[in-house]
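Take a look at the structures below.
Both complexes shown next keep chain A, but they swap its partner, so chain B is in the first and chain C is in the second.
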Partner chain A sequence: MHASAKSTSPDNPFAKRKSHLEFYELLTKSILRGATYLILFVTASIFIHIFIKGAPVIFQSKAPFINTKFLTELPETLHILQDKQGKIYETDPKGSDIIKKELGSNLRQEKTMSYSGGGILGPIVGTVLLVVGCMIVALFLGISSAIYLSEYAKPGRFIEMVRLAILNLSGVPSVVFGLFGLGMFVLTAPVITSVPHERSLLVIPLGFSNLSFQGWDTSVLSGAFTLAFVILPVIITASEECLRAVPQGFRETSLALGATRWQTIWRSVLPFAMPGILTSSILGIARAAGETAPIMFTAALAFKDKLPWQGQSGFNGVFTESVQALPYHIYTLAARIPKNEYSERAQYGSVFVFLVLVMSLAMASVLLRKKLRAKYQW
Partner chain B sequence: MVTAAPYEPKKKQIVDHLAPTAVDKTFNSKATAGEEGMISVRDMDFNYGAKRALHHIQMEIPSKQVTAFIGPSGCGKSTLLRCFNRINDRIQGAHIASGQVIIKGKNIYDKDVDTTSLRRQVGMVFQKYNPFPKSIYENVVYGLRISGVKKKADLNDACEYALKSAALWDECKDRLKQNAFGLSGGQMQRLCIARAIAVKPDILLMDEPCSALDPIATLKVEELILQLKEQFTVVIVTHNMQQARRVADLTAFMYLGELIEFADTLTIFSNPQQLKTEEYIRGQFS
Partner chain C sequence: MNDNPNGISEDMQALLKKPGLLGVRVDRQSLIKHFFNGCAGITIITLFLIMWSLLRESTGFLPTYRWELSVYRQAGLEYADFIEKPLSEHLALHSKLNRAFNAELNTISRESKLRRDAAFLIKQQIEEKTVLQREPLQEALDAGNTPPEKITALRKTLTEATAAALGSEPLPKLFNESEKKSLTADLLGLQPDVTDMPPFIKSLMDKFIEQDKAGKEKYAAFISALDAFEEASEPITELHDGMKEQVLEVKKAATQQHMAEDAKFKLLEAARAAKTAEKREGFEKDAAQTDINPIDYKTNIDSLITKLPEYESLIPAYKDAVSKAMEGIPQKADTHEARELIDQVRKSFPKHLAHVDESVDHMKAWQWDKPIPLFRALTAFLFGGDWITNSSWQDFYGVIPLFTGSLLIAITALLIALPFSVAAAIYTNQFASPREQEIIKPFIEFIQAIPSVVLGFIGISVLGDLIKETSNIPWLQWIPGFPVQERLNMFNAGLLLALMAIPTMFSLAEDALQNVPRAFSEASEALGATKLQTVFRVIFPASISGVFAAMLLGLGRIIGETMVVLLVAGNRIAIPDFSDGIGAVFQPAHTLTGIIAQELGEVSRGSAHWQALFMVGILLFFISLLINFLSRKVVKRFQLPKI
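Now for the complex of A and B:
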């Protein structure tokens, strides 16, 4: 039987024919696979590198197993002292004085490493404030404009131009956003104040006070707005997509029941578009959290010895004070100070913490979507 | 049994909006049925952009009866139906080119007509059953919530009234808080009917309400329609002539955007006056 099947194989109409096609098939497949594995390899290397270098800074073998000092203290200069027996002391500026007194003439040498001591509480707080502020501003502006574009505006050439302009915004380098933020929010944005700053561009008396175009200074607010503009294109595009995905039938039904347009959007469009909007927006925001250029001129300082609410303006400082931020801190440690094992430790520790923050944002968005999807499904 | 609930959705003000005005009683036409109806369409042309979809429509739809629109697909049945609650307004370029649609004595295309109060009195059920992905209860009271009814008792009464009217109360009363998507197709469509009548409209428009349903669910909805005409003026679009025969008191036959013939159902099906109607009813084209 088999033999006869084999002997008839030349008659097999579906027999494999050798040709250059087969070669191309193999080649394409290898290229596609190679590209995928390359990406996988690079991604894995980055994560493993950060984990190996960063985890030892954050975790320790003794209880409470987490280096609380690194997470709860502000950055400060690290002092390294060495006595004549070769014993090494790592300490902060105050501790250094005490040890120096104790050692007396036994001190062999003292080295100082800027930013490498203490912890990174300042940058963590700053980044969290910036991200939360950016999220509020970007979601409000982005969702509003997406609703306008896809639900209210009459489709036409003008609206297409607006869309195109918004899309093009995402091609603008982030350092340009930083400079724009400097000009717009730091130096010109309006504030209500009874004593306008002398550099104010325009002061409009309001009776009880003045509307002064003097800017918001280098502050969380300026930084949050600037970052928001960096990710607005992403949010608007994603939101429009999610709004379009809500069945037209919901809108018609709601209108047919006597709802106004806004009631319709609020009650039977937005709730069902929200899971998607939030997921893609939060992923965009995670991206913005890592941007350095937009906050360099608008919100972040390389070094600050106070948390935002410890300044003279009290709690309002969370809006009006400048802050340290993780990406900028990492940049400073990596590129602005002499490199050594101590600064590298602080640097990888910061990267590790930053990665954990961003990953928890991404996780939160995935969980949120799951939860909302389960609630509103169609 | 249907029990009228002791609630009044904000109706008094709405009625004022559509206060009757002088109606041109001298008007006459070949394709009308009955006296001056609940809905009178006066020589109406309707356009999608530059394309004319309806030509010189002229009809009087009587109160508390079931009127069916039949005709081959694309002839303009849905377009005409959707003119009655102005839901076509949201389609870009769709507009009434001439003529009037008079409901309760008021041309609903007048500038001073508020579409939201119009739509509260002219309810609509769509072809594809489309409950919101919310609880059964929230679906039914949607129309009341948007018109500002807040009192729990009023909402509960309206919900019970609407579900009973839609013959859905017994099936749903124990699961009001469950998601409407757990219902069967036929139940969902009856839920949509309940949602439309919860605001107590005068007129109920239905665009092929059974075309997505199986035969048994279809029968249930048809039974329901026959009950509903005691309280509402029902206008139904159907592609199913048998259905028109079973539920409609009057039937309108449309063809290529024109109203060819409009008379009581018996006449249309047994003794049509127009050749086209006869051909269609005999199934010579569709």
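Now for the complex of A and C:
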């Protein structure tokens, strides 16, 4: 840049003396730089704080170096017992009974902390299910809409409206999407059932059964669909951009060779746009994984002692059961239980795992994009 | 085409035939096209479905709320509330005077109080630390038959443990060396069977009691004025309480009648839909049995209105008593805090008296049977100053407290985020080396991926205490609102939301700077402008539309954010008190998004409360549409000419 060129010039006896203008320039530049680096510093210190407090919960100095208990057990109430010699036992409800029996009259006091014991397997499983479901729905709908918008649509009223709708949807607060998911998927979406619920909006007899608009209740399915609609605008916009980036010549060549429109799209547009679409979608999915408000009323529970497939409905529970989710678990831990050394471990442990999950998604997308930019250049 | 007029051979015909599926001739290309068309249509449909599902759950809010408001009026709750207003003002004035009095009293007894409390605190800490030694001794003493040498041994271990605890616990600096010694002696002598306070601590307590007494003697006039002020309202409060009881009875009856009506209506519906005559008869019989007693509002109101003369007769006495009490309040207070508080009370006192008179006029003008239009229910929602739910008196759904909370947080966040993000954008785009750019840009974009609940957690666990500690630093006391009372407040939420909005605003502003044509800066530099002049006089003004749009979209993001404000804003439903100016941002508040997230899980479907929450959702939806619309307008309005 010009400024740097000026400053690197060698000592010149005829050079202009440093004027106050240059001093101001330096000052302004330092202020701007300071502001920029302050943002980076604050962010970095948040990450470091969570790492310092959270990493000891996950990692340990003995083999296998990872606290597997924290990652593979369901959350439960933590019991803290103290005997009269001042020895402290931390245990789960079952262990508490055994220790109490052992100690007998030697027990001095017992404290319980909800949600702080055990691990976070339930929330992890719930989040993974929700994110996978959301990814399938959002990618399918998002990429299809983008293909329509960039390949098929002719400019006109309808397209204007679609674009406006997408633009407006992207600004709607996620809690409103939560309300929408509650009204739409939890309370009115269609199910096939022989015994319609009384709140059902409309029952269509199908002969063997009924199609009842009674909703999916709070379940993985409702939550995944709600999340998918939250990130749909992002995915559509990103995918459309990637499709447009494929040079027009590719399409023209293919069409000139006699390929149909669909063959052109399938063979000579999508393969080049797909990597870009996927990388930008990952960022959207990272956002979906971090959202709490949309799943609060549609999928998440504060506490559940079973994994989704261990309920009554067997494997179907993966779709129909409500689950614990990491962000909601963190909210519960942060808002509903008092802060002390015992709860802090569960809090920072969950936050650390959650942040690592979301950040690795985001990081993957950033790195992939960098690589792809270098690879696909026309 | 299928007829064969041109004599094309059969083979040729087979070739010409369009590809079909299961004998149905489908044009595959157009099928595919329609499929994608449908997918795009879904996004439009979603927008409408969002509107529809919000509207479906919230329809009925206005009629329900109107009904609740009309019961509020007809049962006379509104009438009783006319008296409530001056009474609550009186309470507020009294509590301010009380605070002023305490500030005055503190000047005399503060020191001894602090010393006493510090001694108590250290005693408690020591006792906690030695509890493991204390309890066996207590047990041994309680048992009664323990051999004395064992008790002596236990006592010895306790004393040793106390000494050890004292070693690790520094004594407060309030005490000088000799006092510290006697305090240590006191603490070492702590035994479970000695119930009397140890001598030094006892002397501290006595000292406080003495000084407190002295202070109260000094301000005896103030105390009597305070008491007179408080007592003045007693007859009116009594009258008001009687009225409240009476109208609540009526309201209860009205609610029951409404429920009975509902039940009857449902039974009749069911009777109409019943398939067999038997069932229908059953339903109809049940419906006939649900008796609905019409409520006699009139007699109740008549007896209520007879209380007005009584109220009127109480007023002069009240005004006299209060004015006299005000005269007794000292003209010159000794402390700054007390002076300010008393000034505030003096200022609002004439207004309070006027309000007392006005309340009579309101009550005279009040008509119990004036109908409430539907429109009034809407304005009561949009401009109502109270959001009160699950109340034993009356539920109100007014969004103003929530809206001001949201707005104040958003403004705080925007004021913090805007300078930082614009500065970062200018620096990155204009001054940074390519290498720096490569670090800064992804890093700031990365902030976007931090889940909001994590930031909220940081706010609760770290930032809250940090703000509170900072606000206690003596040389920062000039900042309005310091020292901060609550660690969860609007400023805390604003800071975190600013961090959340920075990536959005940064990348949009940076794009806007990037889009300024090169010719602009080249022309400017060719005219001899320095880099700084070029940036601030040419490039930045040219990109101002993008910066505006960035600001608006950042605002949209801030207003719509839920988890941070739910966790961090403090969740107190009240319009912030602006009496200490800009320091109001250090008060807790509730927000539009937070209220939905917090309360929706706990209300039953279809109740007025549920519907009200969906109405809040609609309001948020429209706010976001408005912000989007404005940002597009701004971009169009300030668009650069194409070069």
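Keep this in mind: the second predicted complex is superposed on the first by the 330 of 378 C-alpha atoms of A that agree within 3 Å, B and C clash if a C-alpha of one lies under 4 Å from a C-alpha of the other, contacts with A are read in each partner's own complex, and residues count from 1 in each chain.
In this section, contacts are C-beta pairs under 8 Å (C-beta built on N, C-alpha and C of every residue); 3 or more make two chains touch, one makes a residue touch a chain.
Please read these numbers as outputs of a predicted model, since none were measured by experiment.
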item: Which of chain B and chain C A:Phe272 touches, first, second, both or neither; value: first
item: First, second, both or neither for A:Ala165, with chain B first and chain C second; value: second
item: Chain B versus chain C as contact partner of A:Phe70, first or second or both or neither; value: neither
item: Contacts of A:Leu21 with chain B and chain C, given as first, second, both or neither; value: second
item: Partner chain in contact with A:His49 - chain B first, chain C second, else both or neither; value: second
item: First, second, both or neither for A:Trp216, with chain B first and chain C second; value: neither
item: Chain C versus chain B, contacts on chain A by residue; value: C
item: Chain B versus chain C as contact partner of A:Thr260, first or second or both or neither; value: both
item: Touching partner for A:Lys154 - first (chain B), second (chain C), both, neither; value: first
item: Contacts on chain A seen with chain B and repeated with chain C across the two complexes; value: 260
item: Contacting residues of chain C [partner chain A, same complex]; value: 28-29, 32-33, 35-37, 39-44, 46-47, 49-50, 53-54, 56-57, 132, 135-136, 419-421, 423-424, 426-428, 430-433, 440, 442-458, 460-462, 499, 502, 525, 530-532, 553, 556, 559-563, 566-567, 593, 596-597, 600-601, 605, 613-614, 617, 620-621, 624-625, 627-628, 632
item: Touching residues (chain side chain A, partner chain C) in the complex; value: 1-4, 21-22, 24-25, 28-29, 31-33, 35-36, 38-40, 42-43, 46, 49-50, 84-86, 108, 141, 144-145, 147-149, 151-153, 161-162, 165-169, 171-180, 182-184, 187-188, 229, 232-233, 236, 260-262, 283, 286-287, 289-293, 296-297, 327-328, 330-331, 334-335, 339, 344, 347, 351, 354-355, 358-359, 361-363, 366
item: Of all residues in chain B, those that touch chain A in their complex; value: 85, 87, 90, 92, 116-120, 123-124, 126, 128, 130, 132-134, 142-143, 145-147, 179, 181, 192, 195-196, 199
item: Chain B-touching residues of chain A, taken from the complex the two chains share; value: 154-155, 247, 249-260, 263, 267-268, 272, 376-378
